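Each of the next two complexes has chain A plus one other chain: chain B in the first, chain C in the second.
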Partner chain A sequence: MSAPTLTPAATATPVRRSRRFTMKPSTAVVYFIALIVVGFTLGPVIYGVLSGFRTNAQIAENPAGFPSPFVFFNYTGVLTNPSFWRYALNSTGIAVITTALVVICGVMAAYPLARYEFKYREGVFMVFVVGLLFPASVAIIPLFILITQNFHLGNTWIGIALPQAAFALPTTVVILRPFLQALPKELEEAAQLDGASRIGFFWRILLPLSGPGMVTVGVLAFVGSWNAYLLPLLLLGPQNKTLPLGVADFSSEHGSDTAGVFAFTSLAMIPALVFFLAMQKRIVNGLQGAVKG
Partner chain B sequence: MADDVTTSSSVAASPASSSPQTGPAILPPRVAGPARAGRRKTGVASWRKRAEIAFFVAPALVLFFMFVVWPIITAVQISMFKWKGIGPMVDFVGLANYVSVLQNSLFTDAIVHNFIIVIASIVIQLPLGLGIALLLNRKMWGQGLLRTLIFVPYVLAEVVAGVVWRQLLVPRYGGIDAIARALHIPTPEQGFLGTPDLALATVIFVLTWKYLGLAVILFLAGLQGVPEDLYEAAQLDGASWWQVQRKITVPLLGPTVRTWAFLSMIGALQVFDMVWILTGGGPVNRTSTMATFLIYQGTKSQQFGIASAASVILFVIALVLAVLYQQTILRRDTHPDQPRRKKKVK
Partner chain C sequence: MATVTFDHATRVYPGTERPAVDQLNLHIEDGEFLVLVGPSGCGKSTSLRMLAGLEDVNGGRILIGDRDVTDVQPKDRDIAMVFQNYALYPHMSVADNMGFALKIAGTPKAEIRQRVEEAAKILDLTEYLDRKPKALSGGQRQRVAMGRAIVRQPQVFLMDEPLSNLDAKLRVQTRTQIASLQRRLGVTTVYVTHDQTEALTMGDRIAVLKGGLLQQVGTPREMYDTPANVFVAGFIGSPAMNLGTFEVKDGAAQVGSAQIPLERNVIAGMTEADGGKLTVGFRPESLDVVPAGTPGSFQVETNLVEELGSDAFLYGSLKGGVVGELSAGDSDQLIVRIDPRNVPMKGEVINVAIKAGQAHVFSAATGNRLS
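Right after this comes the complex of A and B.
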């Protein structure tokens, strides 16, 4: 799509010494393409939100129209539905526990892997690197048995959070290690001179300084848990469903109530979107870190 | 104690000790002076150091082994039994589950679908993502907003995105069909997801929508790492914008692209949520993936042995591809990269 628009712009400009902006595809072209791309990415989201403000009759009459008039009962219906709030609470609880587990275990593991010299260091690190390859779906059936039958944690928040945290650990360690390695050596030596042990150094200097890195991995773990579907699908019973499960169930149970499904789905999007907008820099940094790491 | 720390830190800083597996770092031969002076203390110190390391690494390793490694080992074990999930595993069948899975055309079709998705994701998203990233890589009004908006689909849960798309794609009453009707474009009778020949392409379209933003964001981030002077130098040499992109920017983006392709490949092999929501693997299994196959076998038919065999095969395929990729393509990045990384560590 972009190549044909690029080539004429480039060939039309004779090769000459000048400022680089004259060589680029014109700004108007770029804005036009950007508009198309944004329309493509946001179209379905906006369609979903707007359709939540329509009645089923409106949607049946013209599926692609605007709400006229705007109706609010779909949204109020969802917001007064106790199930929705229960799902939201479950999602939040599970995501918070997962995030806490991942960040605590991850930063603790990353510290010696980054700043100690020991025989099996690279070996231990490789365990986590290889762990990046393990999809949850491979282990899903044994996990189901382990959680429900051995630990009797089926249908509990912690029963979901533990495996989710375990599967999020590789990314966390892989992102945090270079981050901790980058902290200057002099800090450690200065702390040593002041008589701090390495554990003291960890608590008083390293942890406060690695705040940004921990927020990054924390955000990634939170969003991952918030959006997770497969594990909750197998492990959670009706009372403990998370929002993604709720969305899927609502859409199949109320298939004829198109507007209601759109309202439910739109409201389920909001927490992830808000969280993302607030933390956008961190998410992008984290993914970048994962790519570079 | 202090001696031990200074020696180990000097070892870490010296590039010669890049292979820590060769021996314990507590007694490095190179820094003989302080090490010898503190030898009497190193016994206690090294014991203490080991305890510290164990203390820090243990929680993560326990969690990881208990909920990742152990279940995978168990999956291998279950895959050799005929087992419905209740009672002890007694019906040992050896590799029979693997044979039956690999002879099952439902599973081999699923593998083919997975590979189609892997290739299509890269072939479609790479040029599109690269093109968009190159165009947006300039100072322009609303740049931050644009990047945010492009990234939105990636942050949504696959389930949420899938439900919206499924509603959009409902035959006749969905938004897509309505738009097509207004433009007088014919649409398939059973809808895009219900027509066997179009279903997989439609799923790939939705996956592209979901993950294109990630490619763009990563490429843009990689582009920021290209030093400004290079552009200026190329400008002075009279290179056009297009030449600069082709000869300088894109090659320098190589490592980012290769890592993105790796992530994309692993993700596409594991794809489950979106397919499960959009089609459930249908119509007539035309969109099934390895993951949907094994979940179906495990939950709907209670064939835990079969499902586990399928999951082990999925894992082996992912592992082999990852290793091959690492050896052939990523190797280029990691090797010349090493000296640079060392410098950063210092």
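Right after this comes the complex of A and C.
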């Protein structure tokens, strides 16, 4: 910045230049750990995608090898299979309904919890926090009875989207509440003076401003629903299967068609991945949560 | 256009004993520019927010014109407010920000556009109407906030420290603009600030608050020339008034080596509680530099001279007195305005005398004005 800091920097520069390709031990450790983490994360994905290009014989011979030669029939087989597209449609439909339910209900629940002052506000909020700790698998049998016998929604998109949205709601409210609280109080007061009611403020000011927050929770809900296995497994029949169920289905039907499973899984990943990447920039914004006046 | 009346208006925040605003009685004339001023926590913002309807009124009434608005919703009070951080809606363009209230009220689009454009013209914002607040400078945002208030054509403008987010130079400029705009529109305005210079330069009248209590209301001249108590005396004026508490002997206050003669009614106003002492105040410009030995003069040792070009202010201590006994504002020094072309050196001792009739005398016990 000012003169005193200039002098050591000037003397340090030639030293730094002479050992350009070495780094501080601490940095090296950080990079090493990062590489391991990336390896653990990306490794299975790359393995899956590559194995989709191999034949079952190749995989049996050398499970960790590269495809040689590349074969494409696994992927084309999956892509030309009508049940893959039906599963994809089911997955998309259920994920979209879940996301819509989560975002709409989540923001409507988070608004009063963030901006109204009432007696048991923290208590009600705690109910949502406790919801975070509730394992879905515990409720799976009662849920099955509730959905199929009481609501007669078994084996429907909405029947699976409802419980999924319910389980995603705690996370949503916990993320959205501080986000909505961060909006300056003056904004609400200005809207109040301008004649907007509380509902008017919600629609005209708060909703447009909480876009990034809603995208964040929306993406989380979408990806959660896309990957869900247990609930769909119990609630959905063969016609309405989602992609993750389809994988299991695929593998049992074709016995030892491991390469097919790899191809199927790789393809099933793509839509969620594309969705996530498209929204990623806004997620980061959403987590920052700042509104500049 | 309307008057504004606070009638014993009181606000007690839940969980506190002492009212934030205690029995405020204040009448603001139609078209008047009233400035509420005081140190932080004095209740000035709370008073304004009570008038806006953003704070409950726990006692008394608030009237706009002849209408009792104590329990009326903010939107139905026919007021517009400018916030300290402007509170512009970040996702709306300047034009939408300014027209938002009209839009909610269901005004036809063409009329909104026309009124927004008129206001933008007054405020020099025409070319920015389609921008978002994010793309504006601080001064422009401030003008948009003003515009939002003007567009509504309210009966009363409320301004809560609208200049405190601007830099010093822009603040002085905008100060004049707001004051002249208000004179032009002739809308009753209540303006809150902690800056007494703003109060003096902008207000038709000033109300000084401290600890939730109204200290004095008056024109800037009245506030400066006849402060009602020690607090107002020390608060209004820059540099601050010199204030000190002195013994009274033979009908005169003993300031250092000098005797300041006191009027008969001042002496008569003293009570037992004062313990034979009085608080005497005089402004830096009320002192004359005089030759040594002049009767009624006292000696000041120079610590520092602040030159401003047109004026020079000498910061010094009373010779032969205890430091802090006589001081201006928060400093423990005495301030004297001196001829900028004839400045004493540091450490030099000069003789000063209070100009006749320019001393303010307050009760030592209550702080109220006696002279």
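Operating definition for what follows: the second predicted complex is superposed on the first by the 240 of 293 C-alpha atoms of A that agree within 3 Å, B and C clash if a C-alpha of one lies under 4 Å from a C-alpha of the other, contacts with A are read in each partner's own complex, and residues count from 1 in each chain.
FYI, contacts are C-beta pairs under 8 Å (C-beta built on N, C-alpha and C of every residue); 3 or more make two chains touch, one makes a residue touch a chain.
All of these numbers come straight from a predicted model, not from anything done at the bench.
**Q** Once chain A of both complexes is superposed, is A:192 in touch with chain B (first), chain C (second), both, or neither?
**A** A:192 sits against chain B and chain C alike.
**Q** I'd like to know which partner A:209 touches here: chain B for first, chain C for second, both or neither.
**A** second
**Q** Name the contact category of A:200: first (chain B only), second (chain C only), both, or neither.
**A** A:200 sits against chain C, while chain B stays out of touch.
**Q** Comparing chain C with chain B, which touches more residues belonging to chain A?
**A** On the superposition, B touches more of the residues of chain A.
**Q** After superposition on the shared chain, which partner residues are touched by A:133: those of chain B (first), chain C (second), both, or neither?
**A** It touches chain B, and chain C stays clear.
**Q** In the superposed arrangement, what residues of chain A touch both chain B and chain C?
**A** Residues common to the chain A contacts of chain C and of chain B are 189, 192, 291-292, listed in rising order.
**Q** Looking at the complex, which residues from chain A come into contact with chain B?
**A** The touching residues are 1-3, 6-7, 9-11, 13, 15-20, 23-25, 27, 30-31, 33-34, 37-38, 40-42, 44-45, 47-48, 51, 59-60, 62-65, 101, 104-106, 108-109, 111-113, 115-119, 121-124, 127-128, 131-135, 137-146, 162-163, 165-167, 169-170, 173, 178, 181-182, 185, 188-189, 192, 197-199, 202, 223, 226-230, 234, 243-245, 247-248, 251, 258, 261-262, 265, 268-269, 272-273, 276-277, 280, 283-284, 287-288, 290-292.
**Q** What residues of chain C sit close enough to touch chain A in their complex?
**A** Where chain C meets chain A, its residues are 52-54, 74-75, 79-81, 83-91, 100-101, 104-105, 133-134, 141, 148, 152.
**Q** In their complex, what parts of chain A are in touch with chain C?
**A** Residues 184, 186-187, 189-196, 200, 204-205, 208-209, 291-293.
**Q** Over in the complex, which chain B residues touch chain A? Could you list them?
**A** 1-2, 5-6, 8-9, 11-13, 17, 20-21, 23-26, 49-50, 52-53, 56-57, 59-61, 63-64, 66-68, 70-72, 74-75, 78, 85, 127-128, 131-132, 134-136, 138, 140, 146, 148-153, 155-161, 163-168, 170, 173-175, 177-179, 182, 209, 212-214, 217-218, 221-222, 231-232, 235-236, 238-244, 255-256, 259-260, 263, 266, 269-270, 272-273, 276-277, 291, 294-295, 298-299, 304, 307-308, 311-312, 314-315, 318-319, 322, 344-346
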